[in-house]
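Note that chain A is present in both complexes that follow, paired respectively with chain B and with chain C.
Let's turn to the complex of A and B:
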């Protein structure tokens, strides 16, 4: 089958939109894994929670999309802080498998509660008025909201990368990852740093959730649908690598988009095939540190 | 150097963990929640509150999707409906108590088959009910036939269940892909929608729906320009919709269901596809989907249903009782079908005074005319197809709706005689002599 260039461009653009979500989600996962060595399986559920918090705010407090973009990540971030302080911290010295099991359990509980309360079809959430409508960009009609998603997530990803790689706070973080004992000896409160990092990573997931709410429905399963793919993205990018998660998030979105054109039946498996290949040839991931 | 090594080793181990976890959960399908049921095995999830009661009880097993994308259109609502049917029948057949058990099949044929085997072999279940997801229903139908029990299929859509793969132990109750194609497909072609492109869920149901609708479209002089197959439970439909858009077909047929249909309709409105002059045809849209979409997005959709709660006094009375037990939600046609099929099953068992021989029970069900408050009078054919009228509805505009769940206006009643595939066209071996 031949694909006209117009169709190809529009598919690439759509891939980029999906990639934005992958990048935001995998970024949070990478940060958490880098510092806490925790495989945060609750990430998808917290993304769902972010969307639900936005929905609650609209339904019960009359707060629209824009305030939610700030408030929801804060609320979910606080929840993350609580989770880290009360549970995850106790597993810090054990094998990462325990953290995985705990967060997996937390994810099941959160998802189950939402499902029991709200059913599986989800709740509608309107696109904010300022971003309604669509723009004709020549080769396709691009909904304004989707354009905003790309721009906003690129901004958030670069800001996060900058904070971690180029600021003093970031250097503490990276140092604490390398050698927590030594960093503590310099008078830095490492446990607090760890807690806040978890909160921030989880906040990113919630942010992605708010962004996704108007596109998909606010549904209990929205996180479960994404999380496995996002794990594949993180593995491909290299566990704990900030840049890796961003780059592979966007590029895998593109690859998935192309698959949907050429062989749609494989669109939900292609990322896992890539993941398997990467694990075979470069087990630390494309951007992972090899020692 | 030592430091480094100690930090990378857990990292590699973690990698392995993730790979395993990812494999486990993708093998387990859409997410992680099903381990509560699947991991523990069917026995763990069979909520037999009264499983210890005497061995002579008649057991009805509601096999459904309680956690995935079809949970709202079937799920716990189907369990509620089955229990209401048993209650309305008096809770007993002769001196045998009737029990309802349920389990989650997670929309997977292997999980559904395991539960069905466990139920029929060990837990002495006499009838399996509901079973949304055609691929699961086809697998379970085969098992039920082997064990000579009864399958009352309300949730699945594939017309194969009463076609090539029909069974003397299966009754297909509520709707099927032929009836949907015949209702919605026909109506749209007649109003000028003569070129079609399909978005098809890539499994038994989607394929059957595409096949049946294509046949209707072609037979009424229309043309099918193409189709794209998407995975079940796909989260993003924009890519598939763009392909449909560039096909320039007048009608985009959504050969999918539940959450998939909702997402597709939502994205279509975002990408201005309807504004661009193409019409969306939700070939299978349930009232729970309309509820989730909101009237603003769903208005104007044509859809075919076997049941609508607000049709007459009897359906309203039932639906009110149902809603009280199911968090205020009105029953979907699948849930209504569960109620009505269980009721008719119990009638047949009462006549026979035994549920032991599944084939005999189904034969009795076919012999007795059906009559209940929800579907009215009807019959069951030799191929297992339950026959009743279908209804073509249009979704109301927000201004016309009096409140939540007031969603449909009737376009046309499709009489029972035209609604389903004529027996002469059936490929069912039970029909051919």
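Let's turn to the complex of A and C:
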């Protein structure tokens, strides 16, 4: 079987783009899970919300892509803070499954509201002027915006990794993940840390949403199916390590892209098959700790 | 003789008697219902009730939250519809075939999913169900976006014509009551007690020498098979199997029904199914508002109403009983 290199590289590029979103989303899920012990089912809906906030800002406030890249995560992060303070906090002492059910409900509400307003079809969002066009990099023609998405998400992931693993704030965070009671005894306001962590995690989802807006159309259901794939990514990678979720996000995106080239029928299911294989051979996930 | 009889102690109802009475009342109400309420609505509610009872067996008595139960409902629906339509099998064989396929699917999925617990279990079942959805979307025999339509209802056991609405209703009722009784029996059997022990404290159950994984897997297969029975029946009743049955929103629906009715309460899923199916019927013209309201019910239930409708009623009755016991 001969595959034209152009097709191969373009699918690999799409794979890397998807991988960027998987990495950003699973990173947020992993951070939230670490501290709150909650799987945030609303993550996909908040990713959608990020894209819609960007669209609203452009439509009604005349704010373009670049300001949106900052404002949308802040808005969604603030919403996350409210959500955590008013609802999730009350569930802290209960079975973590209740957190999953609550955030599933939140996801349904958000998704339903967007659908009432916009139907199922998407709204277009234009690529910012500075990133239009494409560059010929020799072996393929690389659309500038897509290159930007990959570079920027690698930067964001690295920055998040640095904050968590190498700074004082990150050390509090890691300590609170291990033993919140003890960290509180040292005079650190753990509940506030938890709230801000949730805000930051969903902020990352919103950031992914803004990045995705010019590539996919901004639509109410853009996050719903995405989040299920991201759950599979999380199961494959295991949620024990930050680096693990970044690496597995990007590499699984690539694997998905390769499947589209060599066996397109399986491209929808390949990640779930991988998930099943990982469960058979390494149930804790590739980077996970045994729980 | 007569003196002895009058002096007999007052009737003390055991829990077993109360269960029998409750089951009798439910069966009687459901037998009268089609003469008062639109039978098609009732059949839909009964299918969902059985589906939710099967789901409740896992979440309520083993503590496993499956977010992929649509795959068993939908998988069985497709197989039953195909068997009845393309192979021309009689309805009872088609339903059995669908149920068997769901059980086999449950064995495969369960064996994978029970390798992780809690939240991971939910994500794994959701992922595998999504994979199954894509398989159904691509496969030839499922008819893609159209689904399998105009499934013949046929003749039950060769002589009961299911085309009559009332006949169909009582067949559905019999299937539902059979499934319900089986679940009830399972929960109150020694096997069910072990399941509850696993739910309460898994390491303790292991240290008592129980092969926990085997128990979990068996419960999962049973739950999948009964969810399949519900889906198979649904396919015959509505003469349709479609992608809606395997979509994740269906898995969400069954969680909602059980949560609203009462997790781990025998009658919870039944009450929940009637409420949610009624809600969906009345709200159908409002489109996406249904999703918003369903999400709202999730939020309210989780925050303030974790026992569900049946749980709250039972607790209220317990309190009333305790009060009257103190008064006398």
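What we mean here is this: the second predicted complex is superposed on the first by the 283 of 291 C-alpha atoms of A that agree within 3 Å, B and C clash if a C-alpha of one lies under 4 Å from a C-alpha of the other, contacts with A are read in each partner's own complex, and residues count from 1 in each chain.
Going forward, a contact is a pair of C-beta atoms (placed from the backbone, for glycine too) under 8 Å apart; a residue touches a chain by one contact, two chains touch by 3 or more.
As the structure is a prediction and not an experimental result, all values here were calculated from the model.
Student: Record, for the superposition on chain A, whether partners chain B and chain C clash or fit.
Tutor: clash
Student: When the two structures are overlaid on chain A, which partner does A:221 contact: first (chain B), second (chain C), both, or neither?
Tutor: In the superposition, A:221 touches chain B alone.
Student: Please indicate which partner A:87 is in contact with in the superposed arrangement: first for chain B, second for chain C, both, or neither.
Tutor: The second partner, chain C, only.
Student: In the overlay, answer first, second, both or neither for which of chain B and chain C A:131 touches.
Tutor: Touch status of A:131: no partner.
Student: With the two structures laid over each other on chain A, which partner does A:14 touch: chain B (first), chain C (second), both, or neither?
Tutor: first
Student: Regarding the shared-chain residue A:102, is it in contact with chain B (first), chain C (second), both, or neither?
Tutor: In the superposition, A:102 touches chain C alone.
Student: So, A:283: does it touch chain B (first), chain C (second), both, or neither?
Tutor: The answer is both, since A:283 touches chain B and chain C.
Student: Mind working out whether A:273 is in touch with chain B, chain C, both or neither, as first, second, both or neither?
Tutor: second
Student: Between chain B (first) and chain C (second), which, if any, makes contact with A:63: first, second, both or neither?
Tutor: Neither chain B nor chain C is touched by A:63.
Student: Touch test for A:140: chain B only (first), chain C only (second), both, or neither?
Tutor: Only chain B; A:140 stays clear of chain C.
Student: Superposing on chain A puts chain B and chain C in one frame; which of 62-70, 134-142 or 242-250 is the clashing stretch?
Tutor: 134-142
Student: Same chain A residues contacting chain B and chain C, which ones?
Tutor: On chain A, the residues that contact chain B in one structure and chain C in the other are 33, 39, 96-97, 100, 104, 107-108, 111-112, 115, 225, 228, 231-232, 234-235, 265, 268, 272, 275, 279, 283, 291.
Student: Within their complex, state which residues of chain A touch chain C.
Tutor: 33, 39, 87, 90-91, 94, 96-98, 100-102, 104-113, 115-116, 225, 228-229, 231-232, 234-235, 265, 268-269, 271-273, 275-276, 279-280, 283, 291
Student: Which stretch or stretches of chain A touch chain B in the complex?
Tutor: Checking each residue of chain A against chain B gives 4, 6-7, 10-11, 14-15, 17-18, 33, 37, 39, 41, 44, 95-97, 100, 104, 107-108, 111-112, 115, 119-124, 127, 134, 140-141, 143, 145-146, 177-179, 215-217, 219, 221-228, 231-232, 234-235, 239-240, 257, 260-261, 264-265, 267-268, 272, 275, 279, 283-285, 288-289, 291.
Student: Which stretch or stretches of chain C touch chain A in the complex?
Tutor: Interface residues on the chain C side: 65, 112-113, 115-120, 122-124, 126-128, 130-131, 134-135, 137-138, 248, 252, 255, 259, 287-292, 294-299, 301-303, 306.
Student: Inside the complex, what are the residues of chain B that reach chain A?
Tutor: 3-5, 7-8, 10-15, 17-19, 21-22, 25-26, 30-33, 35-36, 67-73, 75, 202, 228-231, 233-236, 238-240, 242-243, 246, 258-259, 262-263, 266-267, 270-272, 276, 288-289, 291-294, 297, 327, 329
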